[in-house]
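Look for subunit A in each of the two complexes below; its partner is subunit B in the first and subunit C in the second.
Here is the complex of A and B:
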């Protein structure tokens, strides 16, 4: 049986540093001045699938509901369309807050295993770091193998059609100066660690 | 005027027809496009979900390469990014480089060439360049086969008008509709033109991504569009490639051709279909065009 967890928290259960970390990582201090108007939730084309709407996520981040926020489906459903960011009357960069939450969740490893969205992000990241460019066909093929192997037969007709039209290249792309690129990325990484 | 061209990964893969038609149209207009040498991935959405500063570093390398390659024009380097995600990330990284001096200093030590003022590079979407630099009048001069009677729904998607609306209105963009009129076709009033296609959700959460695309396609169909044009390789892929999957869930959807806006320009300019990558479409457009020219012949008779 699934363990029951309280839905209402005492102040002592919350993480007061969470909001600070997310503000720093998203570069959006205006998060604290959210008036809970809900414009973001109504502008969002994906809120109808979310467990917490964007308005609630902002409130929960501010109060320190770290565990609930990081485990939510909401952050993975955000497609970065910036509709909320453009509409927010308090200029909260909600899309960047969602990015910050995705990064936090990936770093802490709290998303469900084989959940496709963070796996795609990871594959994308690893490929680009190694080769400098992404070859969509390869990343998609690996994503399906790792997270949705049962869907592969259903996708094969589309794959074949794309292949025949030269839209599914089999040769992986890459840049020439990979060492130079890795030097650039290492500088950033070093500072990340030093922080 | 000369431009540097940043293709991005999709234009070498699923969006090859975008690259082909873009280059063909610019060639026909007599505007040289030089591909940015040894460009790397822009650092888009998925990368930013892992590490934002590294994503900015990736974009910074591209900006440094652009600065080194030059193509200086009135002191500004014009860098064309056709993919909406690349366009946005390059702009975002440029702003970050301009405001975070510590980051800029770190970067200037390791980037190719010497990164001077990152603000002097103008990151442009080809739609902006075609409508505002080349101009609709000049494009009209090149139209050989006006697309009379063709009803076109223009899809702007999200990231070329949000969050930075640099060349069109974020709520009701109209540059593409003006362009459609210039080509002799008829723009369809389609309120969902900036509604999100779901990006990679079509692959990762199909029930969600497919529904978003269904809503877009159904509304375009309802409003009588013969086809949809897009400015982004991911939007084009979502709207076109998943139509069979969408129809399995929502059978009321008829096949709807989805083209890159540059393909439509090329068609009106009378460029050969192969140069525009029309053979790469999964839902062919030739049938609609033939039916249309037949109707036109009847009307004239």
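Here is the complex of A and C:
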């Protein structure tokens, strides 16, 4: 017989300020008025792959289940289609809440290991920050190296085709005034850290 | 002018009373300090505090002081004058003083409830008391006006609320005008088959009341009619009613319906309004067999005679009583009434506004009101639940909260949908044996016997899935979904998304104000709440009154309501109207405007501005004249008069300037 694991949650394990932080960084105070109707979950095209449905994520955020929420795959599966946000009867900006949770998880470094989406997010931002432009070939190459190196041989044919048609530049692209862009982004970053 | 100049012999004697209102005021304002301050103000003879000034001992304190200290002015610092001004004026009157030698200071709503800091609150209370003391010195003795009231009542709307109010008043011996826009009375209730939770047949309990209305000697019933103008004030309203032509003389028609059989259209082919387009009617028709009055009408939009001027007019030949009159014109009736009861009802939410549910796109998506007609024995299918293609549904999904509890449409809960959905679930299951699914956010069944009805449905095996439906689609994924409507929903109690194929979807649409509620509100000069329902004077203590005296509310025009609540409210509105007109007179506040004839230059500025048409122009003397009986004391003319000739009792310049100076002198 499989061993029994206790499913009880003690108040001491919860973070009472979690909901407040997420409201502040998502800009959606209506999160508190969620009536748990489940429209978001049924509108979501990806909820069938999620460990917690979006509705449950909202309930858990509100009650301070920080550990569980930040480790869930749900927030990384969100494809930002905004169907939930459009249909929510309480006008909760659920997609923005998901983004707030993703940012939080990256900051805390608690996202699921080798899960490509947070790695992609970071690579994307690093590239744009440094050069002012996205060079897809470099980002994709680094993503595969970091998260799924064993799948690189399987993708090589596609990579070769893209390369031949000029869709996959080898030289990194960039803008002229990179310093200026970095100055702007530093201001934004400082504000994000301050939050 | 200073007070001692007017009162060389000692001046007025003022009493100041500061109320604690339990902790409401005393929790923030230092009442003791305010009282001590008041004692220092000029002409104040006595200043006291008390826990509850409005209580009997509080009022007795004022009465005793008036007698003992010969007070001739009283200031009470307490709550809002709209709550207790009348109470304290009465106390003054009982002690033998003119009740208008009184000024009230609101240190609850204006001070203690809205000020954080106790120090600031106390200072503000003192400033306001100082202002009131200075103002009250300049008050004058005034007399209330007594105006006789008309002994008749107008009821607008002939649904169950209007019918009940009209019958109650008529039984009390008062004459009632019942005006209904549709060709028949009965309203929404007449469309229902059964009523929850007892499953009483709606027609069995409603139609006797409808025929009572038609037969009652004290009721003048005007159907197919609309109120178009309201003038006057409490006790004396003048109302104009437009009676639309039905092209049938109501007094002659006996409802034999032979004209309908004789119509040149052999088959009924036009969408029938009463059945929401699910059935068909002819150009000459009666809305439903029990319609009251039992009089046919002709729809000029579809009648060949009106459209082309060429018709054999077989209906005319068939009518033995010569009741059909193609030349009938609309008529305007003018009536005078003492009170008005508005019972204009509701409309249902337009389900097309939620495209995800596919209403109007998929023929098998119905609104609950349409299903009421389908299950009704006198409906288009004779009570059989059949889809538009004639099939009997095997699986039915009822979606709750359509248009309700939704920030995008209506924020409020429509109150009746849970219960009518349960009723429809029961009736559909009973008639078809179908599997019935209810998709709900929260089950709301507060009411006598309502929870028990929910329990009965649970035992009958109706499915209850807690989750709001995101989408109704015909896009099948599995073979058993082919040809069905698929409801996609999160079963929130299970925590997983489900796809449920059904043959029929019922949308439990919410209740909304009538589309013309805002125009009606303007015509009757009452207010609407944010959602657009008519606003009651007080949600708890004056639930059927409005801010306009003499106009009362009944039924769903005031907010979503089921039948028992509508009937209860209609009874209450009838009692309020009866209390008003049975007394024979109303007393009006003496806060009217008047013209100082010597100052009036005859510029006529005030005449066009007066919203109550209370000012006329005296051509002989070339001055404006105010009819005190019509003046409502709004003060528009006073503000507009360029020569300062228009003035207003209780708002004299001297009073207002002294009040302002009182605040400023203290600050």
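Convention: the second predicted complex is superposed on the first by the 180 of 195 C-alpha atoms of A that agree within 3 Å, B and C clash if a C-alpha of one lies under 4 Å from a C-alpha of the other, contacts with A are read in each partner's own complex, and residues count from 1 in each chain.
One rule holds for everything that comes next: contacts are C-beta pairs under 8 Å (C-beta built on N, C-alpha and C of every residue); 3 or more make two chains touch, one makes a residue touch a chain.
The model shown is predicted, which means the values in this text are computed figures rather than measured ones.
> Return fit or clash for subunit B versus subunit C, each positioned on subunit A through the superposition.
They fit: once the shared chain is superposed, the two partners occupy separate space.
> With both structures fitted on chain A, tell me whether subunit B or subunit C touches more of subunit A's residues.
If we count touched residues of subunit A for both partners, the winner is B.
> Let me test your reading of the model: by the given contact rule, A:110 touches which partner, first (subunit B), second (subunit C), both or neither?
Neither partner.
> Tell me the contact category for A:141 with respect to subunit B and subunit C: first, second, both or neither.
In the superposed model, A:141 contacts neither subunit B nor subunit C.
> Once the structures are superposed on A, label A:14 by its partner contacts, choosing first (subunit B), second (subunit C), both or neither.
The answer is neither, since A:14 touches no partner chain.
> Counting only touches as set out at the top, which of subunit B and subunit C does A:173 meet: first, second, both, neither?
Only subunit B is touched by A:173; subunit C is not.
> Give one of first, second, both or neither to describe whether A:37 is in contact with subunit B, with subunit C, with both, or with none.
After superposition on chain A, A:37 lies in contact with subunit C alone.
> Mind working out whether A:56 is in touch with subunit B, subunit C, both or neither, as first, second, both or neither?
In the superposition, A:56 touches subunit C alone.
> Given the superposition on chain A, what is the angle at the CA centre of subunit A with arms to the CA centres of subunit B and subunit C, as a multiple of 10 degrees?
Roughly 80 degrees separate the directions to subunit B and subunit C.
> So, A:122: does it touch subunit B (first), subunit C (second), both, or neither?
In the superposition, A:122 touches subunit B alone.
> Could you tell me how near the closest CA atoms of subunit B and subunit C get once both structures are overlaid on the shared chain, in Å?
Scanning every C-alpha pair, the shortest subunit B to subunit C distance is 7 Å.
> Looking at subunit A, which of its residues have contacts with both subunit B and subunit C?
83
> In the complex, go through subunit B and note every residue touching subunit A.
9-10, 12-17, 38-41, 43, 45-54, 57-58, 60-61, 106-107, 109-112, 158-159, 162-163, 170, 195-196, 198-201, 203-205, 208, 212, 241, 244, 279-282
> Across the complex, what residues on subunit A touch subunit B?
These residues of subunit A touch subunit B: 25, 45-46, 49, 77, 79-83, 85-86, 93, 95, 99-100, 102-103, 106, 116-118, 120-122, 124-125, 128, 132-137, 140, 143, 157-158, 161-162, 165-169, 173, 175-177, 180-181, 183-185, 187-189, 191-192.
> In the complex of these two chains, what residues of subunit A are touching subunit C?
Within the complex, subunit A touches subunit C at residues 30, 35-44, 47-48, 53, 55-56, 83, 87, 89-91.
> In the complex formed with subunit A, which residues of subunit C make contact?
Counting only subunit C, the residues touching subunit A are 356, 401, 405-408, 441-442, 466-471, 488-492, 495-497.
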